[in-house]
Every structure is written in C-alpha cells, then in structure tokens.
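Please find one structure pasted underneath; my questions will follow.
A, B, C and D are the chain letters, set down in written order, and residue numbers restart from 1 in every chain.
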Amino acid sequence: MTKTERHSASSGWFDGHMHILPVRVYYEDTDFSGVVYHAKYLHFLERGRSEFLRAADIRHQGMLKTAEPLVWVVRRMEIEYLKPARIDDEIEVRTTPNELSGARLRVGQGVWRKSEQLVKADVEACVITFDGKPRRIPDDLRARLGNFLKT
Amino acid sequence: MTKTERHSASSGWFDGHMHILPVRVYYEDTDFSGVVYHAKYLHFLERGRSEFLRAADIRHQGMLKTAEPLVWVVRRMEIEYLKPARIDDEIEVRTTPNELSGARLRVGQGVWRKSEQLVKADVEACVITFDGKPRRIPDDLRARLGNFLKT
Amino acid sequence: MTKTERHSASSGWFDGHMHILPVRVYYEDTDFSGVVYHAKYLHFLERGRSEFLRAADIRHQGMLKTAEPLVWVVRRMEIEYLKPARIDDEIEVRTTPNELSGARLRVGQGVWRKSEQLVKADVEACVITFDGKPRRIPDDLRARLGNFLKT
Amino acid sequence: MTKTERHSASSGWFDGHMHILPVRVYYEDTDFSGVVYHAKYLHFLERGRSEFLRAADIRHQGMLKTAEPLVWVVRRMEIEYLKPARIDDEIEVRTTPNELSGARLRVGQGVWRKSEQLVKADVEACVITFDGKPRRIPDDLRARLGNFLKT
C-alpha cells in the first residue's frame, strides 16, 4: 500500500459564529430500525459542544485540575427529529452559542446531511462540582466563551 | 451457594395509568463526571416506553412481521435534568400516556430515585416504515393503546 | 388500569456457583444489521459481573469511599459470538467465578436465550486506583469473593 | 469569528499495510472510574475496521443493496487492556489485515496514544445474511481486500 497522509481527528471549523464538526455514522450509532438510534444524536451534539469548547481553549481535563474541579452538564434540552441518518452517512453537527449568563450557556444545535437538516436542538448547559453543586461559570471560561458569542 | 429463585427480567408494573419500570445504574451508564451520562436517560426512557408497549401487548418484533413492517420513532422530546443518578443506584422510569392521535403518541415520562425526581421528559413518538415514511398508527395498535389512556 | 405488583430491578439468582441475570434486549442494544451490536454483549457481561459482586456484598460506591478509592477494570477478555440476539429477546447472563489470585478475578461468562448459547466469554478483572495503579484485591473483598468459588 | 477550513470526517490513512484512524475521546466514552469504558474500545476498533473497508471501497450500505443483503459480524475477539485512555485524549486505531479465507477476515488491531499502546486485539469477522446465515465472503469483496494483505 502507499503511505497516505497523517492527520488529527477532526476538531471541526467555524463558519462565522457557527462551529461545524463532521461526523461519520458507524454500526454503533444505528439500531434495528435501520437508522441512527435517537439517543445517539445527543452523543453527536455533545461532541459538537466539546469541540466548540476546545476551540475556545476550554478542556474538560483542565477543568478537573483546578482547586474545585468542575464539569459541564446538560440542564435541559429540546430536540426535534426531522429526518433519519443511516450507516456510512457523513453528517455535520452545527453549534451556535446563543446566550451566556452567570450560570448557563445556551446553544442552538443542528445535525445536517449536506443541505438537509436531520435534527434541531436547543441545549442549556451549566457547570457543577463533582458533588453535583451548581457553580457560576468561572470568569476565565466566561471570557473565553464571550469571544464566540454574536454580541 | 444456595439455589435462589429464578425470575424474568422486569417488565415493570402499573400504578393507575402510570407504568413503572425499575432500572439499575451500571458502569456503562456513567461518565467521567461520576454521574449518569445525559444521553443514557433517553435509553432508560425508551426502555420504559418499550415495556409500556409490551404491557399493551405491542411488540417491536411483531410490528416487523406485518405486510408493511413498521417501527416506532421519537419525533420530538423535551427533557429536563434535575438531579444526577450514580453507579449502583436503583431508579424508576415512570411513563404516562397522555395523548393518542392518528399519527402520534405523546407520553409524559420521569426518572425517579425513591421520592426524588431526577429527570422530567415529554416525548412524542410516531410510527414509520423502514423507508422512513410516516404512517398512521395502525387501528389494532390504537385500540390496544386506547385502553391505557385516561380518556 | 389495575394496580400491579411493585418490585425491584432484577439482581439475578444463583444456580450452584453460577450467577444468572435476566436481561431484556432493547432498541439501544441493536444495530442496523437487525441484531444486537457486538460490543453491547460486553455491557451485558459487565451487568452480570456487577450483580455477582453485589451478591457477594461488594458495591462500586463502597469501593469509592475507602481511604484509597478503587475500581474494577477488565484486564483481558476472550469472546466468541455464536448466535445473535434480537430486539425484545429475553436473555440470561451467566457468570461463574473460576479463579481468584492476589491481583485478579477470572470469571467464565455466557449469554444464553433459553437453551441456546449466544456468547461465550472468559474475562480477567482486577482493581486499580483512580490514577490507574494496579492494587491487590483488598482482603475483605477477597474473603467475600472466596465464598463464591468452587473450592 | 474567522472562517476556518472545511473538511471531511477523518477516514484515516495507511502506513504500509496498517490502516490508522485518529479518534477523539468524548464524555460518552468514559465511565465513573474516570477512564474509557472497556466496551467502548470495541466501538473504536469497529470504526477502524469500517474505515479500513471503506479504503478498500467496501461500503456497508452497498452490501445491503445486493440480491442477498449481507452484513459483517464479529465472530470472535481477544482483547487485552494495557493502559487507560481519558477524556479529551486523541488516540489512534491501527488495523492490519492478517488473513483472508473463504469465510473470514482476521485483523490485528491496536489502540495507541502517541507511542503508548493502550489496547491490543485480534478480531475475526465474517459476513452473514439478515437471517443470520453465514456466507462466503463474496468474490468482489475478496478481490478488493486481497490488495491490502501482505502477500
């Protein structure tokens, strides 16, 4: 075989304020109905949010190494399933940060296959301690996130 | 070891119109934050709906063996995460059918640990063909589901 | 609806030295090929081991609350896939502890659907710290496990 | 935000006869012990095999569209867990086809984080019909796979 080019796992890219992460559909993502299992889109959306945070230089491992370790959790979500994805499909997770308050980050997310929208979601995330106590989003994280909001 | 009593996997029980399925939290359900991964609650909710359907004598395998094979899919969902569940916890999935129209079934669902509510969800499901075409819920299924609605 | 009887999630039972846990196959367990996704059997096997440990009065949460928190990890596994399970199937995970040394527990496991064996596995587990350092299985755990071995 | 460059999901590359797929570790992959859940490595390995097959121009969707639809299944696997991966880690799945007989494909696989090997696996896959009947690997697939074997 020829030697082909080495590269990293995709961390996605930006189109204006929208972060886009390409994702491939594998066996693990589908169910017996032949299409992607509905809960797996939440995995895809979480990958999109994690890569958006990475772009803002926010790492889960880093948040664990502070005086009070913190983790992001989803507080609420509305999700609409418009069309199904199938095995081998290449899809995109699109993430737009819409609102940042003291305690929560709200993002609009979508899953697309080329020009077709498959899933539409509105997600509210916040940070908690390992004991489950809610915390304000730390100032340095807020500053980094602020750069990615529309205004 | 002593021989202890043989039994089936739980299919849950009813308390009035509400179906209740007990679920144990395992390794697979948790993430590095120490609590249950947010998407796994959708698995638990789906198990609850499947057992509710089984109680109404509706089987996924049976729906595949008709002239036009059909499967249930989630059309939309609103979910609120109130408190986290942890490894070894025994929780309950509570499912109440709220509305049955020609094309969709709407259920209210919750995940509870004893008297604490952990998750609250509102779910709309419908049936589609293997090609992804929406179909009316077949009359025999509607009749069986009808018995479980409040009126 | 009638009120039917409340019960716990199944923790399985013993037939001699073999622990048996009944498991239902749900949407989440299947893939587009129509049968259970191969990696999901590892989830079922892990549930079987967790319930076997629970029967020996060993809890994951308890192991986290000691001076040096410990967790079980799989060190190696051989697995053979004989026949597929399908949606709605009720299957059994059968777990027999075969060997307990200072640092590892070896169990033979199988997944069965009535009298048909679907999967056969040989699993070696050990305990590590949260930093990933291997530790001897603590004496109190060893004592409790010892009761369940054949000799 | 600046507009950054569009790209596809990674399908990996070859280093001689070895196919390499980069994979990022997300929330969904970890468990409460702080590291990747042992069954998730089977997902990563499956992604590696799927991308290796894609490189050989073999698509799961294509195999469904023939006179007798076929799917790949794992027949047996030996897996050794050497070191754990953690959230945010970038790892590689390395897949080397070792043996192709009439009915099965045997691959050696590994999961690596830079120069550290985390997991080592030996996997036997074969093709079956939707009814679960074993079939010879079709000649056109065998021809395409043959190009990727060492001799």
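Keep in mind that, in the parts below, a contact is a pair of C-beta atoms (placed from the backbone, for glycine too) under 8 Å apart; a residue touches a chain by one contact, two chains touch by 3 or more.
Quantities reported herein were computed from a predicted structural model and do not represent experimental measurements.
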{"item": "Farthest chain relative to subunit C (centres taken as mean CA coordinates)", "value": "A"}
{"item": "Subunit B and subunit C, separation of their C-alpha mean positions in angstrom", "value": "24"}
{"item": "Distance between chain centroids, defined by C-alpha means - subunit B, subunit D (Å)", "value": "32"}
{"item": "Set of subunit A residues in contact with two or more other chains", "value": "27-28, 32-35, 39, 43, 46, 60, 86-87"}
{"item": "Chain-level touch network, classified as line, ring, star, complete or other", "value": "complete"}
{"item": "Interface residues, subunit A side, partner subunit D - complex", "value": "1-11, 13-17, 20, 22-24, 26-28, 43, 46-47, 50-51, 54, 59-61, 86-88, 90, 147-148"}
{"item": "For the subunit C and subunit A complex, residues of the former touching the latter", "value": "27-28, 30-35, 37, 39, 86-87"}
{"item": "Subunit C-facing residues of subunit D, complex", "value": "32-35, 38-40, 42-43, 46, 60, 71, 73-81, 83-84, 130, 132"}
